[in-house]
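Have a look at these structures, which come just after this line.
Both complexes below contain chain A, partnered by chain B and then by chain C.
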Partner chain A sequence: MIKRASVARRTIATPVILSVILLGFALLALWAGSKPFNQTIIEIFLRVILVVGLYIFIGNSGVISFGHIGFTCLGAYAAAWLTIPPMMKGISMPGLPDWLMQTQLPYWGAAGLAAAFAAVFALIFGLILMRLSGIAASIATFAMLAMIITIYSNWESVTAATSSVIGIPIVRNIWPYLIGAVIAVFVAWGHAISRTGLALRAARDEPTAAAASGIDIPRERLIAFTLSGAVMGLGGALFAHSIGVVTPDTFYLGLTFTTLSMLVVGGMGSLSGAVLGVVILSSLIQVLRWLEKGMQIGTSTLSIPNGLQEIALGVVMILILIFRPAGIMGNNELSWPLARAEKPDHGGA
Partner chain B sequence: MAGLLQTLFDALSLGSLYALGALGIALIFGVMRLVNFAHGDVIAFSVFALLWPSVDAVAVVFAGNMPWFLLVPFVLVMGAGLSVLSELLVFRRFRRANPATMMIASFALGFVIRYFLLMLFSSRPKSILLLPTLSQPVEIFGARIPLLQVITIVATILILFGLTSFLRRTRYGLEMRAAAENFTMARMLGVRANRVIMGAFALSGALAAAIGLILAAQTGTADIQMGSAVMLMAFIATVIGGLGSLPGAVLAGFLLGAASVVMQVVLPAEARVFRDAFVYGAVILVLIWRPQGLLSARGTKERV
Partner chain C sequence: MTRKSIWAVALSTTALCAAPGWAQDDKIIVGFATAESGFMQAYDKPAQDAAMIRIGEINAAGGLLGQQIEVVTADTKTDRAEGAKAGLTVVDAGADLVVVSCDYDFGAPAALAAESSGKVSFFLCAESIKAGIQGVGPNSFSASVLAGVQGATMAEWAYNKKGARNFYRLLDTWTEYNKGICDGFDYMLPKLADANLVGEDTFKNEDASIAAQITRIKSLPAEPDAIMLCTMMPGAVSAIKQIRAAGINSMILNGSGVDGSYWLSAVPDLSNFYVPVQGSIYGDDPNADVTAFNATYKEATGGDPSTQYVYPGYVMIDVWAKAVERAGTTETAAVVAELEKMTDEPTLFGPRTFNSEIHHQNRARYLIVETNTGKPAVVDEWTISAPIPVADLMK
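== the complex of A and B ==
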């Protein structure tokens, strides 16, 4: 118990610093006071939740998952089912069971239930998938994503198929998203320093030795998978409330690769890397968007042609990976500058 | 009988596409453990190479006006060229990176190619009339089969035979197989690594271009997203077949094509829209049953 507390004390700096960075972004949005900028910051917080959710599983287990955005989809639709007024649900999704049809929860209650819903599915899928490892596991998670999206794109009476589900209450306030992101960061930290998180990282780095030391690898992976499924579900629910519309297409390959890229560019094995990857790439995207719209320099407007934004993003990602193949943070975490010398690294969490 | 034959040809021609795609991915994976997500964009690029840049809905055909015996080699060379270029500019710098980093780099590269095409051609699908004589049906045992399907299947078989004899009979092929088996060992025995990898990229690019040609002739459209669906299935086929195993990739490609077509036929009407969910479910089952793939290549086994 004493030892556990000391691990927590030694590593608490990381989530605190990351939360302060996120708080800084929220204050920036308040200070700027413009609606589009507010939305941009909300998007960043949402991506932080999703990428940290990915980190909990991918970072600690070393198994690349292409399927986590499927849990985001489950969470988003669960939030839609729970918060849309019954009248509107009756029209767009007539096949819902009666008790669900009559339910209308506040957004935070729905977000909690959505996270639990996604976690249950992560547990069920995980029981099957966690026996696999390496590239076979990656492909199996991708197959899971494709299954979820195919079902949600075609189950007319319950998900309105490919048409958008509208009427989800929109939350424009920035604080719920900040709180969600900070919760995700602390959950990831708590998992990383827990017994199961340490065991999972041991299994990632030395599978044979870990298994020989009595670590049940599928079980530890399953725990991380379920926990990260819950965080992805939470992100999905908040995602739905940030724009008020959900379609299955939103949660397919585009979002999968955006979030995965942010994780890898930031540093797959590092919680700080996950958050910084989001912050850095999102800022880059935002600057390029402004350039695309045109920037006033003196009397002339300088703008870059359509499509160049994405090309520049891709080129920058390749360059970052060429110069830092393990991502920006590698396996390191942010911590107090003075304490670094005496603080042993807690195993690349 | 005619219906059965039609189903068989559907399955074989869809399987051919998946098999060619899986081969392209497996060739590169074999020599450098790279899962190349840019493959689908190479497919689209080689079709767009036939067009003159414009944002109109009807394609301005440029190189596509050539007779077929020039057109086919031209497209293949474009695909191979882009693929080799991507090796020289990007992947060469990732020789020591871990697979996840390489994968994301290849995805970023595909992103760049796709938006480069979007900048020149816009995202709207374009109608393109490529080799129109191929859409006529031919009669085989009473079933009317589109000529294109027959040509797709025959061409795939020819490509497979050609590739097999290249890999088995030539020195270059021997080096490539050796590199796929054990890259470090092969280098120590005098195989020139960069040459082999470049060859694998060229072959893979040409295979992508062949898929592009078939898709464009089949659908009559050129779309910057046209390669992605085939690439995903091909990617799955590569893993099910056993990563790095070329015969495995081909076998799994044909199996996936057959599974898609057969499920389309046997599933009851109300479940048919969920066909892909059944196919992907089958993929998971196969992976649980044989995580190392149907025909596993030596040297790619996971330790735990």
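== the complex of A and C ==
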């Protein structure tokens, strides 16, 4: 017990610093007072939730999953089912069971249930998938994503198929998203320093030795998979509330690769990397967008051609990966600048 | 990278994200939250150009309520999350009217952003009932005509003017738009005495071959008088080509989505092919002003309109400006009230009606374009005998 507490005390700085950075963004949005900028920050928080969700599984297990956005889809639709007024559900999704049809929850309640819903599916899928490892596991997770999207794109009476599902209450207040992101960060931290998180990282680095030491690798992976499924589901639910519309194709390859590349650029093995990857790339995207529109600097307007944003982003990502192959943070975590000399890194352990 | 430089990165990104907010009042501003990049741009740009022509005309004639209309734009990048931001951007820039993407799915996030800010929103050319009160809210409108009206128009016109009695229904299940056309057809057919549905079938836009469907048409005791083809580009061309190649010469009825001559070279000498359009791009519109508009459009953009989907953009600014003029203000509730009073309001492209139940056209005058030996031309015009009830459109 004493040892566990000391691990928590030694590493608590990381989630606290990350939360403070996120809080800084929220305050910036309040200070700017611009609606589109507020929405941009909300989007950054949503990506933080999703990328941290990916990190919980990918970072700790070393298995790249292409399927996690499927859980985001499950979460988003669960939030839609739970929050749309019954009358509107009756028209667009007549096949819902009666008890669900009559349910209308506040967004935070729905987000919690959506996370639980996604976690249940992650558990079911994980029971099968977590026996695989390496590239076979990655391909299987991709198959799972394709399956979820195909079902949601065709189950007309329950998901309205490819039609946009509307009537989801829109939440433009920044605090719920900040809280969601902070919860995700603390969940990821809590898991990483827990017994199962440490066992999983041991299995990532030395599977044979870990198994020989009595670690049940599929079990530890399953725990991480379920937990990350829950975080992805929470992200999906909040995503649905951020724009008020969900469609299955939103949660497919585009979002999968955006979030994965943010994780890779930030540093796959590090929670700080997951958060900073999102923050840095999103900020870069935003600056390039402003430049595309033309930015007033002194008396002259600086602007770049439309479409250069995507190219510049690609170039920056390539440069980062050339000079920092393990991502911006590598396996390191942010911690108090003064304290760092006295303690070893835990992140890559 | 050292810890210090990581901190520097973290702090500088934080500092870079500062953006000033601004708000403008006592100006009349139209905000376009439309796609300037991505595939929707091909649909949004022509209609937006037409809207700009109408804005230019109003400004040249002294403006609206004595003020020049100003325009602000934001790119949705054909992305839903960006669409919501684009909607908020133009609202923040003081837009009194928020114009959103042509397609319901891609325009909805921006329209919802406008709705939640209490602004009037207009879809450039969405043809789903959801692009309006039923999907977005009480301040949302669409500038085009419902897909169902197109199917109903073709059925009723073919029955009355071409003596068609035996209909065959061939639906491409790819989009809501396609389903909408066939829903309108289904609504109209039982109302036509002794008209029969001799068969029906479905295919998918991406199907390379519809041989199975064609075999079923060929095995009917007699060739149907008309095939109601509910599909759109790009699959439409292949389907039409295969139907004709199989020797089926029934008249083919379509929605407006296949208007335009750009694809006709793929099916040489196509005949007996009918499309409903809001205005003619072929220079033979019964209203000379439409032909004059086509010339203006060419002058402004360097090309002729490629399909009839240019026109709703013009209609949109036209009806909105009239409503603002009558209300004497751009205040949302007053403008919506004036729009809802419009009954058969004349526009360049036929009369338009809005009311408190539907912010879309469930009845409209359509020109019928016939393609004969590969040459499209206006042959008739038709308005369905009664508006399609909202309940039938909500299916």
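Simple rule for what comes next: the second predicted complex is superposed on the first by the 341 of 349 C-alpha atoms of A that agree within 3 Å, B and C clash if a C-alpha of one lies under 4 Å from a C-alpha of the other, contacts with A are read in each partner's own complex, and residues count from 1 in each chain.
Simple rule for what comes next: contacts are C-beta pairs under 8 Å (C-beta built on N, C-alpha and C of every residue); 3 or more make two chains touch, one makes a residue touch a chain.
On a predicted model such as this, the values are computed, not experimentally measured, just so you know.
**Q** Should the pairing of chain B and chain C on chain A count as a clash or a fit in the superposition?
**A** Because the two structures are overlaid on the shared chain, the partners are seen to fit without clashing.
**Q** Touch check for A:124: first (chain B), second (chain C), both, or neither?
**A** neither
**Q** Quick check for you: in the superposed arrangement, does A:313 touch first (chain B), second (chain C), both or neither?
**A** first
**Q** With the two complexes superposed on chain A, say which partner A:211 touches: chain B (first), chain C (second), both, or neither.
**A** first
**Q** If we overlay the two complexes on their shared chain A, which of chain B and chain C does A:32 touch? Say first, second, both or neither.
**A** It touches chain C, and chain B stays clear.
**Q** Pick one for A:154: touches chain B only (first), chain C only (second), both, or neither.
**A** In the superposed model, A:154 contacts chain B only, not chain C.
**Q** May I ask for the angle at the C-alpha centre of chain A between those of chain B and chain C, rounded to a multiple of 10 degrees?
**A** For this superposition the angle at chain A equals 70 degrees.
**Q** A:136 contacts which: chain B (first), chain C (second), both, neither?
**A** The answer is first: A:136 touches chain B but not chain C.
**Q** Please work out whether A:283 is in contact with chain B alone, chain C alone, both, or neither, and reply first, second, both or neither.
**A** Touch partner of A:283: chain C, not chain B.
**Q** Check the residue A:23 against both partner chains and state whether it touches chain B (first), chain C (second), both, or neither.
**A** neither
**Q** Pick one for A:328: touches chain B only (first), chain C only (second), both, or neither.
**A** After superposing on A, A:328 lies in contact with chain C but is clear of chain B.
**Q** State the minimum pairwise Cα distance, in Å, between chain B and chain C in the overlaid complexes.
**A** Superposition on chain A places chain B and chain C at a least C-alpha distance of 5 Å.
**Q** Kindly list the residues of chain A that each of chain B and chain C touches, one partner per complex.
**A** 306-307
**Q** How about chain B: which of its residues touch chain A in the complex?
**A** Per the touch definition, chain B meets chain A at residues 35, 90, 93-94, 96-101, 103-105, 107-109, 111-112, 114-116, 118-119, 228, 232, 235-236, 239-240, 243, 273-274, 276-277, 280-281, 283-284, 287-288, 291-293, 302-304.
**Q** Where on chain A does chain B make contact in their complex?
**A** Result: residues 64, 128-129, 131-136, 139-140, 142-144, 146-147, 150-151, 154, 203, 207-208, 211, 217, 253, 257, 260-261, 264-265, 268, 305-311, 313-315, 317-318, 321-322, 325-327 of chain A touch chain B.
**Q** Would you pull the chain A residues touching chain C in the complex into a rising list?
**A** Against chain C, the touching part of chain A is residues 21, 24-25, 28, 31-41, 43, 91, 162-164, 166, 170, 172, 242-245, 247, 250, 276, 279-280, 283-284, 286-287, 290, 306-307, 324, 328-329, 332, 334, 337, 340.
**Q** Flag every residue of chain C that touches chain A in the complex, lowest number first.
**A** These residues of chain C touch chain A: 1, 3-4, 6-7, 9-10, 13-14, 16-22, 36-37, 74-75, 80-81, 83-86, 88-89, 91-92, 104-105, 108-109, 112-113, 116-117, 130, 135-136, 176, 394.
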